[in-house]
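The structure appears below as structure tokens.
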């Protein structure tokens, strides 16, 4: 039972601060991941080390970690695959799964959407999926996305990452029978409202069967794709 | 100076309720129009009759009038061109301008956007412009709008009317050098929020040079087109 | 090229009001569907009849149709499967696909979520999927959803339909490795804001890999499930 | 009567800037507390010192104080219990009440919710209640909260601190007959909107009898718990 | 496993539509209640009858039922206590608990808040608590609430029901040490936004220890009070 | 102490439903008024009759009353001055004050704003002020408001009633040194959002010294003007 | 006619950047003021110097100026009265009006509201009004504001500055017949939303005749008070 | 096909990050522009250099570039016209078009709107249009905009840049028959909400024919003007 935290040690990680879910991979096909923001470097390091030391399986992933968190986590558990996923942020993957089948192209409407797309690709890589990022194919120049029509038609899942008005999700979903997981991004200005516009637009898509994850949530889109592919392999 | 309205006569139109702007056509190229909602049938009729009797010029337009307003207005001033523009609503035009040059196609993403498109077309007709409505060419099936590529390329102004995620505005603007005036509509559900989603999406279009009017405001889009074409004719 | 609609015939369906997308099934695995609201009964009937008469394939679906629309559509094309999906609304399916494999349980948090769940089940049935609706298993009594744990573990896709705080999506996703498609509903009061609360909650789920469709959009959830299962069968 | 503040002395605390409420403890069972943000260090110090010097009773609490405010307050009044409650923020308690009976477990959904939980625990400690923080038991892994079922069943009040979709409040309230005070936190991304999503979700809980305080308001939740326990002791 | 609902029987209640939680009273101190809106009369009746027939205990409550729902429920289970709680809405209580100790005054700011207050009082009565409604004591005339100061000081729980700016919650909480459960109502205009303003104001109260339930949620406030009193009796 | 309302008598007014504030006129210069919406006809009648029978002074005003409320109130207290203030709504004034000095012109931007302006004028008349309504002088034709420049320059208070973008408040305040009380109205469409746009615009006016009341709150604007004039007369 | 600004001189003030309104004092009773944010130091200095050099009258006021702006303005025009009005912000007054009659107390709910109250007091001082700031009299302890009842009863205008739930405006308006100008502040947390909650609450006040200015707009409240008093003196 | 980005090289521009649209000028009359925010300096430089090296035509524009982006872009492609367009931001133009006919005055309501106006003017200059900026003519002093009436009457397009309540757009549109493109800015406080208020107000303008672009989107307004003038020259 905790007493109030003693003064002067705000960052000190204490035993009762984490309740790790070692068997989430077995239960849900997705191992517990560590979300960086709001955690101290010590808490990040302890969570990563704890998950690696447990009897669970699957990749151990630390998302949106800042420099101090990365440093602490790598000190506690060296050897992660590291991907920059935003200004001053990185996503780290330990114990990546071996390569497996599955075509999950990650499309972006603009270059500014790349950090979110890279987060998705890094998480997919953690689950053994080598996913091409098809960047900067927004609908202002339709020929750009149409040039990737074959990629869309042969995909198992399509992840669409777009800010501004998010129209790429609707257009892409009209060109493929694959599941489309749309990720709105906070890219854009004017009336983009930090991704709210793209979020609402994707939820209102005139192309049926688009499903949506939260703003800038490349991690979540990758997890949805892993669920879809996992189900598929179990069934095949 | 009005005394408080006497009881029992809520609908009676009184002299001080209207301040007509007879010379707005001369000043802005657009005559004053009468917006139905919130006005009594008597007020609608008085405004229409007053504008027709004044020394102004240009069409006299009554928008979004319900059945009682239409009846009162036609009793006071017969002979209007009448267009249904929504459930139980009509737009009436008196003293339409003679036909003039100008290609202003009105595109809709879906069939549900037609009432707003028809309001735009009726107002354009009032200013002498015979505008084709190209209906139901939303981006879920890109071939539909691509089939009208020549219409877009030869247009003087393009009006795009769309609800849901409003992506048609971005796609159309990528296919033409004409000015694109986008009208979000309240069509759609899920997260369309009565047109707010389409409004924000159009304002955030990745295709530069799209400008936007209010939700369901077919009248306003037509007025913007008239301004554009008027400027053009004055200059030519 | 349309002239302004002649007065007095607001409901008359005219040739240029629909641009049917007959090959959408071939392109996206999902045939074009007809969304009732905002269309006249004549437009609904014409769209349904046109899709049935075309050279396309797949089910023809009319969603959220009111009594007049249902009547007109059935007059033009008898023999639909009819499902009530809300107060005064029905979803109709013509040319349903033959039964196929695929376990897509549809969970609801409360009884009030049933109309949306039924829309999802009716559309899934149109694509040949016989989906059990597991009703009224909200998280206030956890034993209710835990009683269906096996259904969750063996599902190919799980559709979760919930209003209020939408917590069932997070809980269900923690109990299965299947893809979870969440549908927020407008059920609830207090601070439910017509489904916005459930929508935001589902998008913010602490269970990774939940993806979300628009409020009350049972149709969209079914389409996402069809995409997932279609991809899977093509791959297997 | 104040003249406009002379230039050059923005931080100088002046006599008329505070109206201390010395007898609030007697009136409401809760002593006046000092909310740091927006106050100068001098104002914080003066308020703390003034409350300690007055004839009131009960703990003197300074919440959300930054380093300068903490330094000034401790210089004016040494000997506070200090708890870190966020990045660069601390909560200080002087004149804590003697220990008393009462089980008020503070649950958090994630590790990122700990600062808010600690603020609640520190304030509860100021009123003599030694409250266990049960951290990181979010609903993505239900077994985590179910492991604390006995704590919930024997609690006098349960405080639930959660960000993201805030579902832990609903689940916990389904497992106990104790009053549940829910604190939404600004933890999360995607569509968490700085705690608004959790706030709305908790207000819409399908588990009846959950009541809610403001976002990140650990202080307020503790005060609600003190009121509940105080009423109880007075009655017993 | 349900087949799609057969056409023509939208209201027919089917066996799989309800999952009753008979032991919720034992688990949470609050029996499962039936929320009327969105349910068919048949579903309401079946839920009420099912709960009464089960082996659970505690009152059976049907909230916000319209005339058809009331009629169906009373036909299935006569003898309920009936309270009007809004235009065309009633709350019904079967198997009310025997009278018990506990002072829970329900204050309203205005006469328009009475239906919500009555819902709270009816539910409290269902749990054996005879709660006075103190109506129309808003802060525009402070003497009105000050006249009830003794009621506040001797209360076990105070329920404050207010629309508009909801200031009564802050004022009342400054006059009592009892727990204050605030219920924002949708009463008011101008910028009340159907209760959102009162909701936000109550959550932002400067009087610490106010906790809040959803808009117009008199039921929820009563449940919170029952939890508080139940805990208290268990402890005393 | 009230028992739960007996069934079958939803509209019956009971003694404890009103707490009249007879001396509000003496305290605040404004007598208590009765706001119709949400009250039963019986409650309206009782409140009006109670205020007239009390020892208070000043006008007795019933605002936004529907036909049943008007009928009940006039039956209980004949002889009111009646003003239509919206579709099916009226404002009634009993015991109007004798005429007094004070120029309070009420400007409207459009004809649709008249019901709100009339509510303001009726309430001003109740306090003895005969206020001219200057209708339909919106800024699209600036000459209309400039024609009333002298009225503005000699006013004691100016009330500006406007919907849509509410620009008339800014323009009027640039033409007068009188206090400007702005009333946003729910008139308009497109992006007017039921008056929210006008409300925000008036609060953001570039003309300093504009103060604002709630949407459609003509009553509140009149009260603010009465306070201003009352202060002035007391001082003169 | 400007050419695009030459590179390298972002801050250089150019002749065409300001259009001073020298006669605004004569027209509106309020001289043009310079709003600091968004202007370069050079623009601030030029505006102040230009207004002082013109043939206008009345005080010259620079609001919300940061340190660089203050320095530049004082270099261009020494001798201003300087008041700190927020973190790193000051309000400067040149050419203050001579003292005049008028009681305008400025109440604040908390100490954190003081910077906004001081902005109001500084602007009032610029117009010759010596206004007492009555700080920290929020409604959690009613005796605090009741202790100033005489100040309220004898005021010509009352300015109420409050954040959080803003209830002080309603309470104060119930205690005085003077006009009440309410200023919501961005003070508070939880669900204060940077002042939106207080803004909405003040607009929805149950005390009639409260009018409201924008969030943190102490300047605007002072201007409204000056208009009220100016009208009054002209009339007296 | 990209592998996950190697660690340690967050800024390195890779070949697959850009999909340039070299022929957008031919297709839409507007060359592809590079939006700075969210791109690395290397990405900005590569995009600019790529567009200049391609076979496209028209100006190459980099908007809202910070110092590092400007430095990198100028190192890769010297010789741009540089315009400061906000704090620490610049807009760069390479390969500006030769001067052409067209009067596009850019009005601002205040000095704080100048950065956005300058972005518009810089982009217009890139397309050969020398556009006067008419600064600081907000409606609080109507004479200021009326002094430019001839500029408005002879304009081909009018761009109105305004924050706060954005009323200048309505007033200007009432004085000209030219198309009015309105740009809301994030200037203002109180209830400006970072430009949302001006955006909504402009969309709700009572002057018909105003069309609107996103908040602070001077670039978009210039593009809309170029479309309008291009259409016009093609037609003349």
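In order of appearance the chains are A, B, C, D, E, F, G and H, and numbering begins at 1 in each one.
Quick note on the criterion: a residue touches a chain if its C-beta (ideal position, glycine included) is under 8 Å from a C-beta of that chain, and two chains touch if they have at least 3 such contacts.
Chain identities (UniProt): A, B, C, D, E, F, G, H = Nickel pincer cofactor biosynthesis protein LarB.
Predicted model only: the values in this text are computed from it and were never measured.
A.B. asks: Could you tell me which chains make contact with chain D and chain G both?
C.D. replies: Chains touching both chain D and chain G: E.
A.B. asks: Would you kindly tell me how far, in whole Å, the mean C-alpha position of chain D lies from that of chain C?
C.D. replies: From the centre of chain C to the centre of chain D is 44 Å.
A.B. asks: I'd like the Å distance between the centres of chain C and chain F, where a centre is the mean of that chain's Cα atoms.
C.D. replies: 48
A.B. asks: Can you compute the centre-to-centre distance for chain A and chain F, using the mean CA position of each chain? Integer Å is fine.
C.D. replies: From the centre of chain A to the centre of chain F is 55 Å.
A.B. asks: Of all the residues in chain H, which ones touch at least 2 other chains?
C.D. replies: 24, 27-28, 110, 140-141, 173-175, 190-192, 199, 203-204, 207-208, 213-214, 220
A.B. asks: Among all the chains shown, which pairs meet the touch rule set out at the top?
C.D. replies: A-B, A-C, A-D, A-H, B-C, B-F, B-H, C-D, C-E, D-E, D-G, E-F, E-G, F-G, F-H, G-H
A.B. asks: Would you mind writing out the residues of chain A in touch with chain D in their complex?
C.D. replies: Contact set of chain A toward chain D: 1-5, 7-10, 16-21, 24, 27-28, 32, 35, 37-39, 43, 47, 64, 199, 213-217, 220.
A.B. asks: Touching residues of chain H toward chain B in the complex: what are they?
C.D. replies: 24, 27-30, 33, 156-157, 173-181, 199, 203-204, 207-214, 219-221, 223-224, 226-228, 230-232, 234-236
A.B. asks: Where on chain B is chain C touching in the complex?
C.D. replies: Going through chain B, the ones touching chain C are 81-84, 90, 110-115, 118, 121-122, 125, 130, 132-137, 140-141, 143-144, 187, 189-192.
A.B. asks: What does chain B use to touch chain A in their complex?
C.D. replies: So the residues of chain B in touch with chain A come to 109-110, 138-142, 164-167, 170-171, 173-175, 188, 190-193, 196-208.
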